[in-house]
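Each of the next two complexes has chain A plus one more chain, namely chain B in the first and chain C in the second.
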Partner chain A sequence: MVKRPARRSRWSRAFLYVFLTFMALVWLVPVVSAIYAAFRPYAETQKYGIFSLPKALTLQNFKDAWTQGNMTHTFRNTMFIVIPSIVLILFFSSTMAFAVSRFSWRFNVALLLLFTAGNLLPAQVIFQPLFQMFKATPWPDLLSDTDTGSLLGTKIAVIIVHVAFQTGFCTFVLSNYMKTIPKELGEAALVDGASVSRQFFQIIMPLCRPVLAALATLEFTWLYNDFFWAVVLLNQGDERPITSSIANLGGQFFSNDNLIAAASMIVAMPTLIVYLALQRQFIGGLTLGANKG
Partner chain B sequence: MGCSCQRSTSHGFNIVSRRGLIIGTAAVAGAGLLAACGSDDKDSGSTTPATDAAGADTTAAAGTDTTAAPSGDAVTVGINEAAGSVAYDGAKAGLDATGVPYTGNFVDHNSFQDNITSYLQQPDDVFTWFAGYRMRFFAEKGLAGDISSVWDNLPDFTEGFKTAATGNDGKQYLVPTSYYPWAVHYRKSLFEEKGYTVPTNKDELLALAAQMQADGLVPFAYANDGKWPVQGTFDILNMRLNGYQFHVDLLAGKEDWTGDKVKAVFALWTDLLPFHQENPNGRTWQEAATALESKEAGMYYLGTFVSSNSTDQEYLDDLDFFNFPELDPAIGADALDAPIDGFMMAASPKNEDGAKAMLTAIGGLDFITAANAVNPSAVPANSKFDSSVFTPIQKKSAELVGAAKNIAQFLDRDTSPDFVSNVISDAFANFHADPSTIDSILDDIETQKSQYL
Partner chain C sequence: MEAEITAPVETAAVPPVGRRRRRRYSQLSRGDKITLWLMAGIPTLVHVVFVWVPAFMTISLSFTKWDGLKLGSWQLIGFRNYWAIFTVFDGKFFPALFNNVLLLVFLSLCSIVGVLFAYLLDKNIRGSAIYQSIFYMPVVLSLAIVGFIWKSVMYSPRQGLFNVVLGRTEQGNQIDWVGNAEKIFEFHIPGLDTPLGLTKNFAAILIAMAWRHIGYVMVLYLAGLKSVDPAMREAAAIDGCNEWQAFRRVIFPVMKPINVVVFVITVIEALRAFDIIFALKSPPGTKVLGVLVRDNLVGEGGGQVGLGSAYGVVLLLLCLGFIIWYLFNNYREVET
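On to the complex of A and B.
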């Protein structure tokens, strides 16, 4: 009687391992073959196929991808867009979350709903009106590196869109987290004479560091990977972020897949680094605010 | 409360232990940002990305731009090729040879095309585009500038090219640069080895395909990744069965997609599919071209750009093509797809004089000679171009197109671009997934057509 369930669980365990190994392999095949292809010259894979044994392994694709994709330049563009966006998103959403979670006010829920609902609109649906709004908004050329005379075509427009779009989600996560911080902390501060802004900056914000780090990781990955807004709002190839570098390497008819694989590896690197650096916060952050504790 | 404190302390500890890394990352990123501010504001507005782009091979070009920039009235030119391709190098060499000061905006081909309607809201003075419905469509919407005055100074183009550059209102909107035909490609050595001959009518074509199959070859290499390559096959079957005018009318929305003529095209197409590589939807044209190169497939109907897939000179010398044979003697075989590329002007360019000067220069010999020296893949449209420098493929292309009575642009250039990307591409892909559903597919096309045309 004791043995039977043990045997059964051993079998189910074995099955689980076989299943997991199989799934892991299935998921790894595309990634590994892309990495493998990235190290091989195009002429070779073209002739012998992607899964053939290597005749020559080279870093040339990475070098070419970097230079032909103009990645020094596009990476700078990406950082110009992503970093201010994240700073603004986290600032706006934490102030908003602070207001709706720490103070009881009639429109708390309505406001929170409004902010979250903004996330549900697909970008493709509202890009036309946004496009026209940016086009109609005058913007001095001195404040941008283009000469369009309007916000359209400037990286600032992309930053604005990102901030507007992401603030809702971050507000939602942050407010849920802030609700878990005991009310007594705020009350004690109030008794000691701390103003609202002091409560925010010196009590609540330090306690929110884990969730802020988690959000920063997520947002970095999302904004870094954005291609849609960059292409729609930035007409000049010069202004576009690193995601366009991969697109640049595909020709009208002919595309060197090995080169593109190498470019994808390079482009994926920074998100991986950010993720690894903030991994613990990221995983901790996922469950933050999942329950009120 | 105790619980909550504990949690935050433990997280606080994590932060401290990783703070170094976070600060370090932020510092690196911040430095990048500063650098971005510094260089972008100064450079990008006035020069081409060539200065930033990798550059040993573009240094000469970058030099020209720098001299051009200070004049202040450089023409802005939008090019649908990004650094790193031969097409980019060719376009750049051509533009440099015009001597007109310009600032290039180089964007990769596919996103330039997908984004063209947004692009035209804020275009460069001069930009690359295609002849055909796609050109006339933008001209009619007032999104392209009238360049009839430029055409007064373009003596080198034949009447056919002028017609191709003319909008519905009779004015010119495009300066053509080059074109390339679609034809049946094959390897001379394979045909010699097996004793095949070039087919000139339907019976010969079917006999050849059957023979190839008996010899263990796939008669036609075939691919449809990206959902555009099979549009070429549709075009040629349609033009061979129903003629050029029907092609034009069908794509202008004047003919019925559910009518007998279109059904006949798909019936023949269905019959021919067994002679093609299976499951084309997941295959890139490069993979299909590789099948031709490795002699797994006997023929490949594609644009002459098929040669750009290989660097093997022996194969390239062996590669040849013939006109798609006639299928109906009453219709003949004198129409084909040969898309024309060119340049247009923005509806209201910032620098109109410069734009017109640039377009006149693009229509001149210096531009095309310099561009062709770098990128001889298509055939120059300029009739004064020195044909003695043609590559064998260019020479044959020019002869093939010269002998044709009617030149079509290509399905997705001869009709509304949205109609193709939203309706036709998927419809053709679905047809290849299951040819038996063609009737309902054609019904769908016919119902949706009115939204676009």
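On to the complex of A and C.
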């Protein structure tokens, strides 16, 4: 009588491990086969299929993907978009979160609502007016790789959109975090005659370092992965980021699957490395947001 | 100045919340007030100008006819764009809308699977971190990359994994997973010329999306489960709850904030889907609203700003309901 539940639970536990391991293996299949395909010549997998044992392993696909996708250039573009965006997003959202959470006045909740709602709007809904706004804003071609004479097609346009969109999410996370810092800390500084900006830079910001790290990791992958804005705002220019460079690979009628797999792996590499190296921050940032955002 | 700064000590004794807040703000010096206004004002301005103003402009543009070339050359035409969407272009609009609906239903099912994974991984599993990393890995890839990976190694007609497993790699009997717009099921709605249904290639895209969505939900849910007080589970066990009852009656209600987040993420993802379909060059039968908006604005046959904006507004209205519901839920927590 007493034994039965124990035995049953042992069986169910074994079943649990089998199930999870099986699912984990299934989950790995696309990435592992993409890596495997990327290392093999196209002619060979065409002939023997993707399951066959390799006759030759080669880096040629990676080399071709890199040169055909112009990845030295597009990767540089991505970095010139992503890094300034993250710095601006984190700066703006910290100041905003600081102001609304530490010195709450009437607009506090209203502003947070505005930001969160804006953050959830589908990008497709706002892009046409943005497109027109950027097109109508003159911008010297000297400062960008385009010849439109306007902000359209420049990295700056994409940076602006990212900042406007992502600041909402980060403000939400940061203000939730800042609320947990005791008010007395700020009050003590005020009594000592510290200005608001000093309180921000010297007291609050250092305490927010873990959250900022988490948000930076999360934003890096989101912005790096951005495809929509890259396609609609940078389509014609020389300023394309790396995500859209895969779309250029291969011809209209012929596509080398192994080449695409190699290109996908190259493009995925930075985010995978960031994820594996900073997993804790990454998931921390995501769940911080999930608590309220 | 001096007197103002000491004020908090007095009010701290009996703080009527509203008044105390206001006074604290008014204690600040002029310079500090300006700093605070700038701190909150500049980000708000950027957000409003580049998110909300365009949203309202889209609404206005949806009542116009405009080729998008010259500012000011638009003509007001009232609701004609909406009329066109629901009648002339119904053959495009309703299948796309239906694809969004299918996506929503399917991703909701995936969310349940994600919750199940989270629940199982929360059971003191040895190597739980490894399982987590594996299930979560697709989430760090962009949906466009997910599309490329699945298209090139899973769905490729000649050498793709599915066809290899099914033995359908020969010319002639190959299955073209991404190109096949045949319907798995379809039905007619009276008044609509085009039947609605699920095309085979859209189903293929759904499966690729599931790969990513399940891990996302799993991580969100797992974090929530970790914060559930173990005493509650024990209490449930002592009261003789079986596992399903404990989940249904104890854990699920406690997880309400996370449930809301998961639900909203699912809905929003389903409504704004774009990347994966566009990355696969939006094959016939896989159009969703997000792709239609874009097609009318820039793609081939683009330059129909009014019509594209009207599609956008329909999408906006669909999202807005959920956004408001979400904020309403959130708002109550922010208040407390």
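Everything that follows uses one rule, which is that the second predicted complex is superposed on the first by the 274 of 293 C-alpha atoms of A that agree within 3 Å, B and C clash if a C-alpha of one lies under 4 Å from a C-alpha of the other, contacts with A are read in each partner's own complex, and residues count from 1 in each chain.
We take it that a contact is a pair of C-beta atoms (placed from the backbone, for glycine too) under 8 Å apart; a residue touches a chain by one contact, two chains touch by 3 or more.
Treat the numbers as computed from the prediction; the structure is a model and nothing was measured.
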item	value
Superposed partners chain B and chain C on chain A - clash or fit	clash
First (chain B), second (chain C), both or neither touched by A:Leu28	second
Partner chain in contact with A:Gly168 - chain B first, chain C second, else both or neither	second
First (chain B), second (chain C), both or neither touched by A:Arg280	first
Contacts of A:Ala247 with chain B and chain C, given as first, second, both or neither	both
Partner chain in contact with A:Ser93 - chain B first, chain C second, else both or neither	second
Contacts of A:Thr72 with chain B and chain C, given as first, second, both or neither	first
Residue contacts with chain A in the superposition, chain B compared against chain C	C
Chain B versus chain C as contact partner of A:Leu223, first or second or both or neither	neither
Which of chain B and chain C A:Gln46 touches, first, second, both or neither	both
Contacts of A:Met178 with chain B and chain C, given as first, second, both or neither	neither
Clash-bearing segment of chain C, relative to chain B, as chosen among 4-12, 94-102, 112-120 or 166-174	166-174
Contact residues common to both interfaces of chain A (with chain B and with chain C)	46, 131, 231-232, 235, 247, 255, 257, 274, 293
Chain B partner contacts - residues on chain A that touch it in the complex	43, 46, 64, 66-70, 72-73, 75-77, 79-80, 83, 131, 135, 145-148, 150, 152-153, 180-182, 184, 207, 209-210, 213, 231-232, 235-240, 244, 247-255, 257, 273-274, 277-278, 280-281, 284, 293
Sites on chain C touched by chain A in the complex	5, 8, 21-22, 24-25, 27-29, 31-32, 35-36, 38-40, 42-44, 46-55, 57-58, 61, 68, 71, 117, 120-121, 123, 125, 130-131, 133-138, 140-145, 148-154, 156, 158-161, 164, 169, 211, 215, 219-220, 223-224, 257-258, 261, 264, 268, 271-272, 274-275, 278-279, 289-290, 293-294, 297-298, 305, 308-309, 312-313, 315-316, 319, 322-324, 326-327, 330-331, 333-335
Chain A to chain C touching residues, read off their complex	16-17, 19-20, 23-24, 27-31, 33-34, 37, 45-46, 49-51, 92-93, 95-96, 98-100, 103-105, 107, 109, 111-118, 120-133, 136, 160-161, 163-165, 167-168, 171, 187, 190-191, 195-197, 200, 221, 224-228, 231-232, 235, 243, 246-247, 255, 257-258, 260-261, 263-264, 267-268, 271-272, 274-276, 279, 282-283, 286-287, 290-293
Residue ranges of chain B touching chain A (in the complex, touch as defined)	1, 3-4, 7-8, 11-12, 14-15, 18, 21-22, 25, 29-30, 32-33, 35-37, 39-41, 44-45, 49, 52-55, 78, 80-85, 87, 105-111, 114-115, 118-119, 121-124, 284-286, 290, 303, 305, 308-312
